[in-house]
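Each of the next two complexes has chain A plus one more chain, namely chain B in the first and chain C in the second.
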Partner chain A sequence: MLALSGVEKRFGALAALDGIDLAVEIGDVLGIVGPNGSGKTTLLNIVTGVYPPTAGRVAFQDTDITGWAGHRIARLGIARTFQNIRLFPTMTVFDNVWAAQHGRVSGGLFGLLRSRPAAGCGDARRVDEVLEQVGLLGDREVLAKHLPLPARRRLEIARTLAVDARLLLLDEPAGGMTPAETADMARLIHEVVAPGRTCVVIEHKMALIAGVCSRLCVLDFGRKIAEGPPDRVLADPRVRQAYLGGEGEPDA
Partner chain B sequence: MIDFIQNTVDGVMFGSSYALLAIGFTIVFGVMRRLNLAFGASIMLGAYMGTWLHVHYQVHVLVVAVTTVACTVLVGIYVERLCFHAVRRDAALASMVSSFVIWMQLEEAAIHLLPERTYAFPGLFAAGSYEAGPFLFRTEQTAMLLLAAVMVGALHLLLHRTRFGLALRATSENPLAAAYMGIHRTWTVLCAFVLMSLAGGVAGFAILATDQQITPFFGLWATFKGLIAMMLGGMGSLPGAILGGLLLGVVEAHALWYLGAEYRDLSAFLLLFAMLVSRPGGLLGQRILSREELAFRRV
Partner chain C sequence: MDDYVITVLSNIGMISFIGLSAYLLLVTGEISFGQQAYFGLGAYAAGAVTAMFLLPIWVGILVGACVAGGIAMVVGALTLRLSGLYFSISTLAFAEMVRLILLIVHVQVEVEGEMVGPAGAEGFHGIRWMFERDLSLAHFMLLIYGLLALVLIVLLLVERSRLGSVFRMLGSDDLLAEMQGLDTVRYRILAAGVAGVISGIGGALYAHFTTYVEPQFFNVMLGVHALAYGLIGGLGTAFGPFIGVAIDIGFLESVRFIQGYRMIVFGGLAAVLLIFMPRGILDEERVHRLKTLFRRRNHAGAQRR
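Let's turn to the complex of A and B:
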């Protein structure tokens, strides 16, 4: 579904990504793990068009999307969340999700001038359905900036669900969360987000990765050092060396 | 006391067009964090095209009104393409300076169009007035207030009740996130300029129809009044723009009455200075954000 071949990204002399080949198949829940600065978010930024790769190709469903602008990639069906949450702070929870549906709407000027959906109509029902799935229905008229952190991350996920994306990219969905909140997030991803969808999850909390991902890819200094089922990858001595510094448990 | 109330009412009426100018600035500032200094000059050039039709063909005042607004929008789009779309996104200062340069170009264009400095601008009504109790209302200023109120109402509905307004607000709150939801930034910015020019064109026509004359200096005047009103209310805030415009109008009206005509503009600058010192964010602008809010809003 998503295929990266020989993707390289240089910032000056620094090679953030150095020849990455990666394939995501339909139904995969691929975890990308690696120490800080190993190139995880850079990889996501290249797939979503924040910046183009220095070399290599990115293909989505056999379309070459290398160097496309972000909004065009979004309209192809790739949705993402952000490590540093990017909500619309002074809009309500409902409007945040409704805005996410924007890209799907065609119909030119007439479509643009359509009003906020009345409660109970198709669009509004879809938004409410998504809010219920992530457990935010009770907060639908709350301004996004008044939500606590875990709810903000859930709202970001709600936005990606609302667009019926074919590929979901989650950038540290449990970043900054307590172990209990992380467990809630793992449950949400496992039970609501992943079934019937294709996802890529960036995370370095093992509690989340282990419970959610069907496959892992480990990056270190911009290179892929291992790929495969979670238990095998995590037992790999090279991974333990790179990721754990050869000692102790990863932060959970 | 009657004088005071009369001045306040006059100030609110005239301030309503300052509010429209400020709304123009604030919409574009909200969407792209840029100041379009050529705003006043685009209104001036739009109004000159209307005046040109009036001078050469003696067209009806409504034709002048429509031409003024339509040409302001066209000039607005021209400015956006040249100074904002063509300039790199991270070069905030470059687009501000280039909009200043375009201002000069627009003034030149206006002078070529109509080479004498001052022209009569057709009024909407024969200058008239009516009395209500001890107070006197000028017809054209009442029309100005009504026009501004209709504009503000329409803009509010557009921004808060339509999908297009949602896209505009989303882009102004977080451009990157909006783009990754498929909202086309270039298109949204262009729409913001069209809205800015619409508000500006209507305000320009209302002011000129009241003054019944136009000079190339109108561009400078409109940019100043709009900027001051926006800064008073708080940059990027729509209610702030309205409040700032009305406040500016009222203070000017009092200064005009109690101190004399030469103090009208001076009072506006003093008011801005006092506001910037005491409350840099403006009346309804953002106060200093907490660290948590800063982290949340970082783009």
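Let's turn to the complex of A and C:
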């Protein structure tokens, strides 16, 4: 479904990504792990068109999307969340999810002139449905900036669900969360987000990775150092060396 | 109402157009110092239509709006890839360019034995449509407020639509809007065009209200005021700029004892307000709170019934 070949990204002299080959198949829940600065977010930014790769190719469903503008890539059905949480802070929870659909409304400009639907009508039903799924329906009319952090992360996920994306890219969905909140997030991804969808999850927390991912890819200094089923990858001595700093407990 | 009151109210109405124009761009996250250019282009174009070609005023207003909107879209396409301060500077440069060009444009035609048309620095005299039809100032004020109401209603409807939400997304987080499938450059150009149209209508009315226009009126101070109206009144609703206009023209310019100090008082007020209310009196959060309050009251009312 998604295929990266020889992807390289340089910021000046620094090679953030150095010859990455990666394939995501339909139905995969691929975890990307690696120490800070290993290039995980850079990888998502390249796939979603925030910036083009310095070299290499990105293909989505057999279409070469290398260097495409972000909005065109999004319209192909790739949705993402952000490590540092991006919401429209002065919009309500409902409006944030509703806004995610604007880019896919049919009828061009005229499609966009339709008013915000009343509760329970038309497009509002789909929005309320995903809010219910992530447990935010009660906060429908709250401004996004007034939500606590775990709810903000859930709102970002609701947004990706509302557009029925073919590929979901989650950038540290449990970032900054307590162990209990992380467990809630792992349950949400495992039970609501992942079934029937193709996902790429970037995460540091083994509690989340182990519970939801069917495959792992490990980055270190912009290179892929391991790939495969989670238990095998995490047992790999090179991974333990690079990622966990030799001996030590995961998720410490 | 005496003519003085009508003139003040008409000025408030006409300046509100440029306030709304700057407001729309502020909502999309652009600070334009150049909306006065479209006000001026609308004024000159509409004046030419009625005074030089002797066509009805509604044609003049339509042409003024289209000329201003069309040029705004072209300028937008050229400049909106610039971001932040660079965009602001380019709008200022363009507006000054327009003003300087109008200072040298000298195109006149003979109408009933008189030369009519833009005469460079002397301005464009003889836009007498209103007086030739024996319309009173009060009648014209109704026209101003009729059109203003129309523009406001359209803006309020847009604000409730997906398009209005798109405009706010651009202003709030450009990258996020792009990541959600929106061609942000295209929508910015669209917003610039709509803002140009709104400003152009105001200019078209202004030309016919005062019967003459001169490039000097469309200087940067007009644009700065237009910006200040939205920033003071608030960026949460299209009603915001009216609060700014009411404070500036309705109060400061009309109360005699402040008159000499108007700019000092207005500038100080703007500065103080922006420190305590960076997005104006009616900002998004207060508008949301008012809406919630209103909805609750409606809800309670419905239940009582």
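We adopt the following convention: the second predicted complex is superposed on the first by the 251 of 252 C-alpha atoms of A that agree within 3 Å, B and C clash if a C-alpha of one lies under 4 Å from a C-alpha of the other, contacts with A are read in each partner's own complex, and residues count from 1 in each chain.
The rule is short, and it goes like this: contacts are C-beta pairs under 8 Å (C-beta built on N, C-alpha and C of every residue); 3 or more make two chains touch, one makes a residue touch a chain.
In this text, all values refer to a predicted model and were calculated from it rather than measured experimentally.
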| item | value |
| --- | --- |
| Side-by-side fit of chain B and chain C on chain A, or clash | clash |
| Which of chain B and chain C A:Trp98 touches, first, second, both or neither | both |
| First (chain B), second (chain C), both or neither touched by A:Ala13 | neither |
| First, second, both or neither for A:Gly70, with chain B first and chain C second | both |
| Contacts of A:Thr48 with chain B and chain C, given as first, second, both or neither | both |
| Partner chain(s) touched by A:Leu143 [first = chain B, second = chain C, both, neither] | second |
| First (chain B), second (chain C), both or neither touched by A:Asn84 | first |
| Chain B versus chain C as contact partner of A:Ala180, first or second or both or neither | neither |
| Residues on chain A lying within both footprints (that of chain B and that of chain C) | 48, 50, 69-71, 74-75, 79-80, 82, 86-91, 95, 98-100, 102-105, 111-116, 159, 163 |
| Of chain A, residues touching chain B in the complex | 48, 50, 69-71, 73-75, 79-80, 82, 84-91, 95, 98-100, 102-105, 111-116, 145, 159, 163 |
| Chain A partner contacts - residues on chain C that touch it in the complex | 157-158, 160-163, 165-166, 168-169, 172-173, 175-176, 178-184, 190, 236, 283-285, 288, 292 |
| Chain B - residues contacting chain A, complex | 160-164, 166-167, 169-170, 173-174, 176-185, 293, 295-299 |
| Parts of chain A lying in touch with chain C, wherever the complex brings them together | 48-50, 69-71, 74-75, 79-80, 82, 86-92, 95, 98-105, 109, 111-116, 141, 143, 159, 163 |
